Every structure is written in C-alpha cells, then in structure tokens.
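To keep things simple, chains are lettered A, B, C and D as they appear, and every chain counts its residues starting from 1.
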Amino acid sequence: MKPWSLLLVLLVALPLVVGVVNLPPHDAPDAPIHTGVGVRYLARGVEETGNKNLVTAVLLNYRGFDTFFEVVVIFTALAAVLALPRGSAADPGGAPAAAAKAANGSDIVPVSPVVSYVVRLMAPFMAMFALAMLFRGHVTPGGGFQAAAVFAAIFIALGLVLGPTRVAELVPDDWRPWLQGAAPLAFALIAAIGWRLTGAFLGFPTDDHTAQEAMGLFLEVGIALGGGVILARLFVEMET
Amino acid sequence: MNAGWAEALPWTIVLPMVGAVLTPAVAARRPRLAGTWAWGVLLVASALASGLVYQLATTGPFSYDVGGWAQPYGIELRFDHFSAWVLPLLLLFVVIVPFSWRYLDHVMPDERRPAFYALLLLNAGGMIGFCVTGDFFNLFVFTEVVSLSSYALVAVGGRGLAAFAALKYLFIGAVSSLLMLFATAQLFALTGSLNMADVAGRLADVGGGPAVMVAFAAYAVSFMVKTAMFPVHVWLPDAHAIAPSPVSAVLSGMVVKIGIIGMLRVYQVFFAADVLELGAFNQTLVWFGAISIVMGAFFAIFQDDIKLMLAYSTISNIGYIVLGLGLASPYAVIGASVHVFNHALIKATLFLAAGAIIHQTGLRTLSDLRGIARRMPQTSAAMAVGAVSIVGLPPTAGFVCKWYIALGAFESGQAPFGFALVFGALFIFIYYVRMLNAFYFQEPVHDVVIEANEAPWSMRAPVIVLATLCLVLGVLGGIPLSFVEPAVLELLPFWGN
Amino acid sequence: MLLFGLDLDYVLVVVLFCVGLYMLVSKSNLLKKLLGLNVMETAVFAFIVTSGMIEGGDPPILVAGTAAPYASPIPQAMVLTGIVVAVSVTAVALALIVQIHAHFGTIEVDELKELP
Amino acid sequence: MSPSVGVVVSWWPGIAVALPLVGVAVSAATGWSERRRASVLAGLTFGSLLVALGLIREVLAGRMPEVHLLHMTAQLWMVLRVDAAGALYGATVAALGLLALTYAFGYVQPGPRRARFFAFFMACLACTLGVAYAGNLLTFLVFYEAFSVLTYALVVHEQTPAAIAAGTKYIAYILVGGSLVLAGVLLTFFLAGDLAFVGGGFLPVDAPRGQLLTAFWCFVVGFGVKAALVPLHGWVPDAHPAAPAPFSAVLSGVMVAAGAFGIMRVVFDVVGVGLFTSLGVAPWLTAIAAVTILVGALLALGQEDLKRRLAYSTISQMGYLTLAVSLAGSGVMAGGLVHLVHHAFMKGTLFFCAGLWIHVTGARRLGELRGVGARMPLTTAAFTLAALGMIGVPPLSGFVSKWWLGVGMLEIGAGAALAVLLAGALLAAAYLLPVVYAAYFAPTRPGAATGAGAASRAGGATPTGDPASRGAREAPWTMLGPTLAAAALTLAFGLGSHLRGFPLQLAERAVLAWFGGG
C-alpha cells in the first residue's frame, strides 16, 4: 500500500514541478500577473469602487459575483450538515457505535474554571475586534469574512465553556433561517439594487461614493452575520 | 449593451440559489412545503432559461457583464450553444423533484426535507452557473457549489455506508477541484487574467511551453475525475448507487456532465489560443473513452443490485461521450454533445423507474425483483423503454447520438472505434436483457413482489413523462443536433490540430 | 528565491502539496486523510498568494504609508474565496466522519473495509 | 428502375403497418371479452392483408406508393416505399400473419400470458410489414431490429427453462447480427451519404474496396444470422421448438426470411448487381449458400423432435434464397423470390400441423406420431401436401419455385448449383417423407401418441384430446381452418403460378427493377 502511495505522489509531483518552475518568476515586476488585469485595479480601483483596500474592492466590486457564490458555498456546507442523518439522536446505530459513545461519554474533560473565566472575559473584546475588522475592512486588512471567523470563534469558545445548547439559544428559532442565509440574501438584495441603479446585475454606482460605501458595508455586515452564524451552527450541529 | 432575455442571465443562476437559501425559512412551519417550493423555484428558473435559449436561437451567443465592468475586468457570463444545456437540465430537475416528494417518505424524516431540497436547488444553480460562466475562477466556485451539494446528497439517505461512500467521493472530488484551482492559478500566473476569452488571447502571445501544457493537463485530469472516466471512476458506483434514487438521477445524469462541459470550455480556450499540439491528447481521450465503454459494461454485467448496475452503465456512456470528443470530427462531437443531454434523460428515466420499484418493494437486486413487471407494468415499461434507449436501438434517443459518434469515427478515419462503439452497445445490452428478463419473464420469488402495487402518481408520472421523452427525442432527434451544430463547427476549425 | 535555477518557493509549494497527497492516500485514519486534504489546499493557496507577490512590494491597500509597487490584489481575493470553500468542504467531511463514527464506531479505513 | 414505375404519395403502406399496431393496444386493453378481442384483432390483420393486396395492385399498375414516416435528423429519416419485391413479401407477411393469428386463438391457452402473446405478436407483425415496405436502409434497420427484439418475448412465451435458454441464445445471436447490420448501415451511409434503396444499388463504385467489402460482409453476416446461414444458424433449432406453434410458423415462414430478404435488398438495392459481381464476393456467397442447403438438410435428418426437424428444414430452404441471390441471374432470382413466398406457406402449414399434433395428442417426437394419420386425417393430409410441395413435386408451389431456380441456373450455366438444388430436394424428401410415413403407415403402438410423458412435454399447450380416445378427432376449426387454408394456398400457387397478381408475376417485376430491364 505505502510504496504505491509514494509512487502515485511522485507521479503527481513530477508534472506539477515541471509546471511551476516554468512559470514566469513571481517576484518580477514584469511578470504577467502584474501586467494583466491587476494593473487597472491598482490604477483605478480606489476611484471606481471607493475601497482603499483593493482586495476588498476585487472581492466585493470587480469580482463580487465570485464572492456571492462563495457565501453560497458556506451555506451549502450548512445545508449539507443539516441534511445528513443525525449521527446519534435518531438512531444509536448498532452496538459498536453505542460502545464508542459510552467510552466517549466517560472521557469528557470538565472545563477548567480558568479557561471558562478567560473566555467569558475575552468575549466582548473579541467581538469589538471583529466589529473593527468589519467596519474598517475597506481601508485596512479585514472585512466580512474575517469578522465572521472571529464571531464564530467567540461562539465556539463560549460553546466549549457553556455548552453548545446554551450558545444555540442565543439565536432565536424564528430568526435562524434568515440569519444563516444573511450573506447570500444580502448579495441578492444588493444585486437587485445595483441592477435598479446602474442597469447591471450587482453593479455599483461608480459616481456615488456614499451609495457605494453603503452597499459595500451592507454586504460586509451580511457576510459577517451570515458567515458567523453558519460557522457557529456547523459546530453546534456536529457537537449535538 | 445587454438586450432582451440576456438580462435574465445572472438571475437564472441566482434564483435557485436564493430559493435554496429561503427554503428553511419557507418550510420552517411545514417541512413538506419545501418540495413544492423547490419545484416552483425550478419552474420559474426553467422559464427564464427558456428565454435565454430563445435569445440564443434568435440572436446567437451573447454575454453579460456582471456588475457592468467591462471585460476582462469583471466577470463575464457567456451563453453559447453549449450553455444551452441549462434548459434541459432545469427541465429534468422539474421532473425529478416531484418524484422525490413521496420518495423521501422512506428515506428521511420530515424535518430534514428543507435542507435536502435546498441542496438540490444549490446543485441545480451551481450547474447553471458552471455552464454559463466565462471566467475560470468563477468556474471553480460553481464547481464547488455543485460538488459540495453532491457529496452531501449522496449521504442524506443512508447512514454509515452512505457516509463512507460520500466521503470517498468527497476526497477524490476535492483533490480534482484542487487540481482545477491549481490549473487556474497556473493560467493566471501565465497570463494575468481569468476571463476565458482574454486568457485565450494572452496565451497566444505567451506561446506554448511546459507550464501551459501542465495547466491544460491539470484541467483535463480534474474534469476526467469529475466525469468518472475509467481509470478515475472509482468514486462513482458506490456513491451513485447508495444515494436516494432522485439524487442518483441528478448525479448520474447531470452532475457528471459538468466534467464534459468543463472540458469543452477548456478546449474552447486552448483551441482559440492554438498553443498546444492536442492530437495526441485527443487520441488518449479516444482510447480512454473506448476502454470506459467496455469496462463500464463489463462491471455492470456482474452486478445484481439494479442501481449499481445503472451506475456502472453511466461509466460506459461517459465513455461514448469522451470517445466522441476525442474523435474530433464534426459528426462525432455533435453526437457527443447531444448525448450529454440524451444520456441524462435516459439515465433519469432508469434511476427514477428503479427508484419507484425500490420504493414500492424495498428490494433492489435483480434476483429479488423477478417478475415485478406484472405488478408494476407501467414502471417496468418505462424501465424497458429506458433500457432500449440507452442501448441505442432505433428510433430512441440513444440511437441518434451513437449513430453520429460512430459516423464520426468513420469520418475521422478511425473506423475500428466505430465498430467498437457499435459492439460496446451490444455489450451494454447484455445486462439490460438480464434486467428485463428478470422483470418480465421470470417467476416472482418474493412475496413483496407478488403483492407490490404501482407507485403513487407523483412518482409514476415523472417516470412516464421521461420514458415518453426518450422516444420523442429519438423521433425528433434532429432538433438538438441542429442546435449544437453551429457551436461545434465554430469549435472545430481549431480542433485536433 | 532561486536554487539551481529553480524557483524554490514554487517547488516548496509542490512539496507541501505532495506531503498532503501522501497523507491523503496512505493514511488509514479518515481524520488524517482530511488533514492531508487540508495541507494540499494550503499548498495551493500558498502557490496562488506567492504568484501575486512582487519584489519589495506593499499590500494592495492604497492608504498613507504604503507605496508602489503593490502586490496583485487578485490572488489574495482568490485565496480568500478558496479558504472559504476549503472550510466548507472540511465541515462537510467532518460531518460525514462523525456520521461514520456514530454508525461503525471507527474511522479507520482498514477496519471499515472489513466490516460489511 | 424501369421507367414505367412512378412514385406516388400514398398513406396505404403506413396504414398496413399501423393496423397491427392498433392491435397491440387492443391486446393490452383490459375488460374486453376474449371473443371481442379476437374478432377485432383478426379484423385488423385482415384489413392489413387487404391493404397489402391493394398495394400489389398498385405495383402491378406501375405505381410505387410512398409515405414518409418521420425525419429524425437530416441524415436519418424513415420512409415506406412499396416496390414489387416489397409488395410480394408484405402480402406474404400479412397473409401468413392472419392465418397464424387465427390459429393462435385456439392454440394459446387463456391466462395472464395470453394478452402478452397477442400484443407482441401484433407488434412483430407490424414491424415485419415495415421491413417489407421499408424504402431505405434506416427504415429497414429500425423495423428489423424492432421485430427481432420483440420476437424474444414470443420465444420465451412458455417461460420454461428450455424456452428461456432458447430465448437467451436467440437474443445473443440476433443482437450480434443486428449490430453488424448497424455497422454496415453506418459504413454505407459514410460511403454513399444516403440510404434510400435504388434498384441497381447506390454504393459508389469507386469507394475503397476494403470498405465496400467490410460493409458487404457486415450486412451478409448480420442478416445471415437471421437468415440462418450455416455457421450462424445456432439459434434456429432451439427457438422454433420453444416458441408456440403459430409463432413458429411465422418465425420460419416470414421472419427468418426477413434475413434473406435483407440480403436481397443489400445486394440488389444497395450494392447493385454490377458492383456485387465486380467485388468478387459472389462465389463465396454461393459456397455458403450451398453449405447451408446441404448441412441444414443433413442435420434435419437426424432430428427426432418434429419441430426441430422442421427448423433445420427452414435453414436448408433459406439457403436457396441466398443461393439465388449469389448467382445474380435474373431467372434464378425470380425463382428465389417466388420461393420466399411459397416456402412461407408450405412451412407455415408444416408448423401448423406440428402444432395441431402437439395440441391434440401431445406428440412432439417422430416416434409418437405413429398412426396419427388415421386419427387426424385432415391435418395429416395438409402436412403431406406441404411436405410434397417442399420436396418439389409438381404441381405444387414448391415445384414452381424450384423449376424457376433450376431453369435460371441452367441459363447462366451454374451446373454445380443445380446439383446442390437437386440434392437439397432429395434430402428434403428424406427428412419429410418419414414423417408422412410414420403418420399414415407405421404400426400403432398402444398409447404411444398419448403417453403421459408426451403430454407433459407439451408445456403450455395441454392436450385437449381424451387420451383413451382411439377414434378420429381433429382440432377445433379455428386451428384446423388456417392449416387447411395454408395448404390450399400451396396448391393454388402451384396451379395458378402464371396468373396475374400471383407471386411469379411480381417476382419478375422485382427482378426487372434489379437487373435493369434485362
């Protein structure tokens, strides 16, 4: 088994190495990557999108369509986890599973009071950091996704300390379907608004920076909320 | 800039996605509403897709610049004759979804239905996006939407084994997606662009070289894995057989085809750039296609489980399509392009009919299902029609495609492959004869079979509609053929240089 | 960085990719396989980000304190998308592994193959 | 094609094919009484026969009725066009079909499988008519494959292990053959760019010889499986005994002949006589035909089971058709085409009689037939008549066809072929006369014809006769009638062979089209 794996790996490695070493050197300023479409983004990105952080400009404006479906991908992951049979609750799944469960049940390590205290203490500060990333994303590194990750981290850390069910209760049942779909829905809404304003799907009015920023911010908030809720829910679903 | 139905292009992709996102909210109180909701969404999406095809037929291929950014700076959606595949794809979904309403009764508790239908909608939306996007990275994103929902759909019906099959599918699929991302990055590093047409133009300036070849090869391998050609097919049979039948129909009929569509897209770029000698590659496709036909049929013969048999038959049929592409002659490529759809239709017929039988009896092997035809005559007849079509007896839908592919083999001077194709069909018939024999001409051995009843109408109607279409599309086989012809002829001047 | 005329950064990325691939194909534990997949994903992301770098460049954030040349913003946006996709795939894979574990009580492929 | 023939658009060929298809729906209709269903089916088939006869009249009047069925693609379209050969074969199919259908009403036992039998029977009939009237290779192929596959259901009708085994063998042979035909059609289209039958052929003479030869042998081997050419005949002796007698009659009479008809179409309407001769394949085909005639007849001698013996006889007789084609002489070909028709009714009679014997006495084997002549005089008389016809005794129809074959061979100086023809006739006498002898003259062993073993071997057709009865007891008229009618046709075609509208005249017309006025 193992020698075959090694052979396979070598077989894959060889063409890949051939492929990458024949690329234009990556640090050179005249590499195609720096003379291609990126030139325009660097030259006119700020004026066209109002974003000083050009990564955000590419993400939300130039290639917003990618990002739309990127958030759809996370939603897909959630739908996937929700659609799967519940591992334990619905059906014990035979003797080996039951045995494994019993074994697991006994080795749960109780949460140390220190950890519990620190997590609860830090949670508000982490939330502030996330908010900062969210609202400063157009001028500094950061943005909706990063904020979502931190939000989710807070949820998960709290979940470890307080138990997943209590964290799950933070989001009311009625809101849950809307919150977990917040990101794609925000994109759809902005796409429609852009369509109305500029005549192009997901278009941003290039001459109106206020509208641009408002729309961008709306998207970031949607991504942060939706992404955070989904990531946290993935954890909760797998835990219970 | 954009006129008429072209405006609907992004909405056609977004509609199923948003529909999927809203499914849990819509069905929060009544989970069974999810099925109807999904169906409605797909109906509207099909209406939009019909508009797109109408636009294509009247004005030819058209583009949509998302966000209004001029090319190549934004993302371009391009609707050409190969993208037209979205309409039949959506229509098949429209037929398959009602089938799953009752089918799911035995498969999952009600509260998981919204998630299931959301996954189906995401899958459909992802495939639409995949077919119409004109941007390499966007292609990758849509691939992931389709793949991720497919992995999950495999596992929704079963427990451990289904999850294991799905995980196997996930690992192989994820590696192939990574190869695709790698190839995209490679092309980006070479050209500094992601727009397909723009990449083609810039590649022509870059010229050939090992890096370009590796990028092409990575795409090719990635798509071959997605389409489950013979040496990389290992993920397919278990995954397709263990999934709930409507899902099998979607996976086997449509999801594997994104490999083919993707291959065509990559071909379009590399032929336009004209930087690689692709004759040898085409020859490889021809051989792998021929081997897929034979090996798929060979494994299918030894299966007792009907769904496993149908899954192996998919490998055979993918072989036909790949063989047709590799032959690189107009007839063969036209035949292969149309078989992309016709196989989806036929395989959906077969999987849904098999699903109806499994739903009614709880049995799934040929030896258990002996004599089922007398208790479920309509479903069995649909199965027979599907079998005859997939073998390619005239005048069914399968015949037209195989005729064109075989003719293409003669046309390109590779007559042995034409004969291989004809006799491959024969090989395939062996296992369908086994199936029909068991259903029609053997005495029942199971009490369940003796007492079985026809499936409820919500399941029977889709099966009958699909079986009828198998015949209609044989008789009217010229319509799809003449539809893809311009696209193929546009592609072919650069073909197989 | 060049070594023997080869672009060492790129070669290291391929090495990382292959380490991941080796884990994926040779390990029997499903979790380890998944980690292998994650390593491969990381390798590809590293490749993309590396390709967008530029000699002496700043991050593409056009505020006071940064100056041209800037690294290309597109690879970074691509990688961000890629990471989200990778997280999603990992989540689904983990859910499946949990499912397998609940049902069979093991996540070793060797043992799973012998079960039914 | 002779200039006097004009194509006219006419729906009649389509109607001839469609009428039996309506019967498929009728057979599947539930809630009809058996009597009502039977009369409707018979009416439909009779209608089809009338149309077929009407088409003969059209053809004799110098018209060529044509109807386009459907255009699948620019290349693939289906058309029915009735020429002399097609009209002749079509009328034969319809007539024998009607006789066999009537016979089947009495023969096939009530039960769940009865409806299935009639549905598939009517479908087969429709498709065989389609083969007869096909105007291009694709149409021919579609109907040919369709009835070949549908036949499977009729071969396995009894669902006994033997029947299933025979069916499996059948379908394997036929599908390989069908695939070869398909390959041939593909290659033909590739070479000629068209598929429509043209008297004199349409394959380009200047095409690469290798490809022409490949196409030709694909067709001959493919159709040869159906036509039971000798190395390819394996399915015939198993399928015939397994199938119910009325279907055996149709199978032998017109469906095996469809293979030979296909070879005729290919040689005269696709390849063309000129190209056929210049390709140099004729001697090979002659040799195969000769081997088929002799080997088929010799193997028939050794068969104890009557239906098996008749099946081998079919193999031998089909050899005559191929022989006639291979000699490519106008006289011989006229004889061959006539023999196709005559053989259909003679073999039909023989199988009908065999079925009656099985039905009444359970006798399947030669030894069990002793004394049956006294108990079933009419049946045995019909059998005798048909057997004599098969041997070629004047003035029966078999004599007419063999006479024309023989005279045609002399015309073109094919002495060896004539010898084969005569040897075949002698062998026919050797394998058929013992049956007649056994029926009339062999000493009766008590209980031999009604033994329990024989009865159980009858399978689905349980003897209706009282085993103890020693007196004359014929089968019911629904079965005896068609048998006698077929026998009467054997006599009539012999006596009236020169009459207008009889097979010979049509055959001469067909040959005129193929050999270009010669």
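One rule holds in what follows: a residue touches a chain if its C-beta (ideal position, glycine included) is under 8 Å from a C-beta of that chain, and two chains touch if they have at least 3 such contacts.
Since we're looking at a predicted model, the values are computed, not measured.
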Other chains in touch with both subunit C and subunit D: B
Comparison of A-C and B-D by number of C-beta pairs in contact, larger one: A-C
Chain occupying the middle, per Cα centroid: B
Length of the line joining the C-alpha centres of subunit A and subunit C, rounded to whole Å: 15
Inter-chain centre distance, subunit B versus subunit D - centres from mean C-alpha coordinates, in Å: 44
Inter-chain centre distance, subunit B versus subunit C - centres from mean C-alpha coordinates, in Å: 29
Residue list for subunit B, restricted to those that touch at least two other chains: 137, 141, 144, 148, 151-152, 155, 159-160, 163, 182, 188-189, 192, 194
Residue list for subunit D, restricted to those that touch at least two other chains: none
Multi-chain contact sites of subunit C, meaning residues that touch two or more partners: 21, 47, 51, 72, 74-75, 81, 85, 88-89, 92, 96, 99, 102-104
Touching chain combinations (by label order): A-B, A-C, B-C, B-D
Subunit A residues within the subunit B interface of the complex: 15-16, 18-20, 22-24, 26, 31-38, 40-41, 61-66, 68-70, 72-73, 75-77, 79-85, 90-91, 93, 174, 176-178, 180-181, 184-185, 188, 191, 194, 198-204
Touch list for subunit B against partner subunit A, complex: 2, 10-11, 14, 17-18, 20-22, 24-25, 28, 64-69, 72-75, 108-109, 112, 114-116, 118-119, 122, 125-126, 129, 135, 137-138, 141-142, 144-145, 148-149, 151-153, 155-156, 158-160, 163, 182, 186, 188-195, 198, 202, 206, 209-211, 213-215, 217-218
Subunit C residues touching subunit B - in the complex, by the definition given at the top: 21, 24, 30, 33-34, 37, 40-41, 44, 47-48, 51, 72, 74-75, 78, 81-82, 85, 88-89, 92-93, 96-97, 99-100, 102-104, 112, 116
Partner subunit A, residues of subunit C touching it in the complex: 2, 6-7, 9-11, 13-15, 17-18, 21-22, 25-26, 47, 50-55, 59-63, 68-70, 72-77, 80-81, 83-85, 87-89, 91-92, 94-96, 98-99, 101-106
Partner subunit B, residues of subunit D touching it in the complex: 70-76, 78, 112, 138, 141-142, 145-146, 149, 153, 156, 159, 164, 167-168, 171, 175-176, 179, 182-183, 186-187, 189-190, 211, 214
